[in-house]
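Across the two complexes that follow, chain A remains constant while its partner is chain B and subsequently chain C.
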Partner chain A sequence: MAKTLRIIVACGSGVATSNVAAEKLKGALSDRGLYAEVRAVDMKSLESEARVADVLVSITPYATRDQELKIPALNGIPLLTGVGISALIDQIVALS
Partner chain B sequence: MALSQTTTQLETLAARITPPALFMPNMTNVTTKVNLFQFVSNLLYTNGLLIKSSAFMNALVEREEMGPTLLQDGMAIPHGQDACVLQPSLCVCLFETAFLYETPFSNALVNKVFLFSLPPTMEYHPVEANYFKAFSTNLVNKSFTQGIHTSMDHREFCRHTSQTLSGGVNQIFLS
Partner chain C sequence: MNAFIQAFLDLGTAVALPVIMIILGLVIGMKPGKAIGAGLLLGVAFTGMGVLFGFAFPALGGAGGAMVSRFPGLTFKSYDLGWTVASVISWAWPYAFFMFPLQIAINIVMLALGWTKCLNVDMWNVWHKATLGAFTTALLSGSFLGPNGALAVGFLIAAIWVVLELISADLTREQVYNLTRIPGIAVSHNMLLDAFWMAPLLDLLEKIPGINNIHTSPADLRKKLGLFGENYILGAILGLLFGLLAGYDYKGVANLVIAGATIITVFPMMAGLFARALAPVAEGAQEFMQKRFPGRSFYVGLDWPVLGGIDALWVTGILVAPMLLFWAFILPSSWNDTLPFGSIIAVSLIATTTVLTQGDIVKSALLSFIAVPVYLKAATFFAPYLTKLALDTGSMQLQEGYQQITWLEMNAAGFRLMVFAVLDMLNGNILLGAISAVALVACGFYWVSGMKRRENAAAAVSGGISGNPKPY
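For the complex of A and B:
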């Protein structure tokens, strides 16, 4: 059985934009017939959350920290603006 | 927990997080994002929810520079997290005429602004944090946002919000 991809969606506070983005991501994955475990997290818990995740989708510009976190980091802004969601899902599919 | 009981509890919580003074169903006095931030910062201060309006204004602006808070469908969810915030709250600003919401990333016309004021340690406010998460998650639900926009008064807003969020009530109160 294929392993379920664990995706964390991060923003500063973990209570606002990351939750909107996580919900949109679940919908966009579902539209492609994909399933992943998607969780919204805050930046304070990012390091610990990243230890048990496969991919980081970041709403704020923390993409450069991916080496530090040891998981790939993707730009999650398309999930808020609606522009480029398909390309983001392609990137996630490539990682699954 | 019976559904009517949970809805009542949620309605009380919604009214605490968005007291009547923070529900503005027909805003006409601001036309730019900066005006809005100044107005809301002063409003939160005069309602005893902040200790310093300028510090909160700075927190809002700093967050805007980090990444977009602009969503689709004429919505924005700016938020400021700062030690000057005494109590987590949500300010609901609805506009009959959309205004241009400018950000370092993109600009768009906005007619619904949900502005969160957050203390630095949301861990000490788990119920409010869970409410904010549930509220934000439901912003992708068009019937939820349209229901807010057509709420005529504070009571109707609280009722509509609590009914929508009641499905996830266990996550709000019990986690």
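For the complex of A and C:
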């Protein structure tokens, strides 16, 4: 069995939006038969959090910081708007 | 039946909340196992918050008390524990969950009538409406309206807030798009309602000669400031500062450094558990709304974190932190008795100034400097209300000698103060209320026209969120 994918979902506080998005992502991934570890994090702590993660799903896309990290960064806005979720899941499945 | 309900309430909020959550979960069609899980998590978060209070109050309150006795003239009796604490307490208000259907119903009616283009799917911030309902009820319970009348006015104020949030989302859409370049969204958070009085103030500031020509590079500044953004570092710095001001010995200071870092790090984690437990409710509500308006053109209203990618936001936050302390220490206790702590990065203030100034750090910092006293006033004014709600719902036990809790980055603080001054007229306090009413009406007209002008300016730069560079 492949290693479990570690996904971090970042928002501005790591409290509300990122947790709601993380729960939604977990559900959408398990619907596709992919089990992943999904954690909500504070974007202010991204540097340290990214060291123990494989993928970043960011609710604050285009942040200059996303590009400095060593892991792929995906746009997490679809998790909030509901538009384009399956494309996002495809991207994550391709990474796993 | 009444005896049954009373017995249920006597169990305490930590038990009643999970039960309500489980029932609500089953009603919206969650599987029983998941609904029970969500309910339990809510109980865990609520209880965890209570445990933390027992740790945070002696640490912070002790330092605050020591500062007050060392420096005559200082009177801190309200402790700012940040918005995360306020949100958890607000869910314990018995009527909090009714704010979901209220917000959804108003949004659907306004979309159907064409009064807004915003479909607000941000169900987390329903808690703000709960605080408004609870605070209004508390303010007016002693008036001629009686407790039931006060509760009705509480719901009315919450309803007005929902309407204004949607209009505010419409009136900031282009400005948000110009900063984030995320298509199809708007920010429906009520913090942006403080544009009501900040927009005219900013118009005045922009008349200062040369102010429009100062250019800074937020991205570079953001990188240099880097580490300070992390919560526990800020908590440690505040612990050090307060420990020294309190005149503690080295051991006391060192312990307050660790305590400060702990409090500021762990409170948001508890609120995060709350968000996870409520996520299915939020999701269900979102799907319910989106199903009602398939294929219609609207903008999806979201919480403020979509602004988190803006470097100027965090740079302003770091600049505003010392301003909070400065004003808190020099304003007289009749104006402010709040010791800033948990809201030291005052997002609701800095996000509003960042959107209005379109990421201009100099203007954003200037506007914030003028606004901080308003936020301190609001934190001080509403501290007894939040404390009462916390005590009434059993969210915390107040210990002898430690006084009130509040949160400093109260959303739309100035606007909220004016609204409550108007409401206070029902208690017979006419003068301040009348002045506020006039100010609200004047600001309201200016708000709509001033924001439209700013929207056009933003759209001219970005090309417009809908491809129209001149929306108004």
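Note that the second predicted complex is superposed on the first by the 90 of 96 C-alpha atoms of A that agree within 3 Å, B and C clash if a C-alpha of one lies under 4 Å from a C-alpha of the other, contacts with A are read in each partner's own complex, and residues count from 1 in each chain.
Keep this in mind: contacts are C-beta pairs under 8 Å (C-beta built on N, C-alpha and C of every residue); 3 or more make two chains touch, one makes a residue touch a chain.
Just so you know, these numbers come straight off a predicted model, no measurement behind them.
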### Task
Could you check whether chain B and chain C clash or fit when both are placed on chain A?
clash
### Message
Applying the document's definition of touching, compare chain B and chain C: which contacts more of chain A?
### Response
C
### Query
Given the touch rule stated above, what does A:82 touch, chain B (first), chain C (second), both, or neither?
both
### Task
Give the one stretch of chain C, out of 61-69, 205-213 or 295-303, that collides with chain B after superposing.
295-303
### Query
Once the complexes are superposed, what residues of chain A are shared between the chain B interface and the chain C interface?
11-17, 19-20, 22-24, 40, 42, 59-61, 77, 80-82
### Touching residues (chain side chain C, partner chain A) in the complex
84, 87, 121, 123-125, 180-182, 184-185, 219, 222-223, 229-231, 268, 271-272, 275-276, 278-280, 282-283, 286-287, 290, 300, 302-309, 311, 314, 347
### Query
Residues of chain B touching chain A in their complex?
63, 66-72, 77, 79, 81, 105-106, 116, 118, 122, 129, 132-133, 136-137, 139-140
## Note on the structure
Contacts from chain A onto chain C in the complex sit at residues 10-20, 22-24, 40, 42-45, 58-64, 66, 77, 80-83
### For the chain A and chain B complex, residues of the former touching the latter
11-17, 19-20, 22-24, 27, 40, 42, 59-61, 77, 80-82
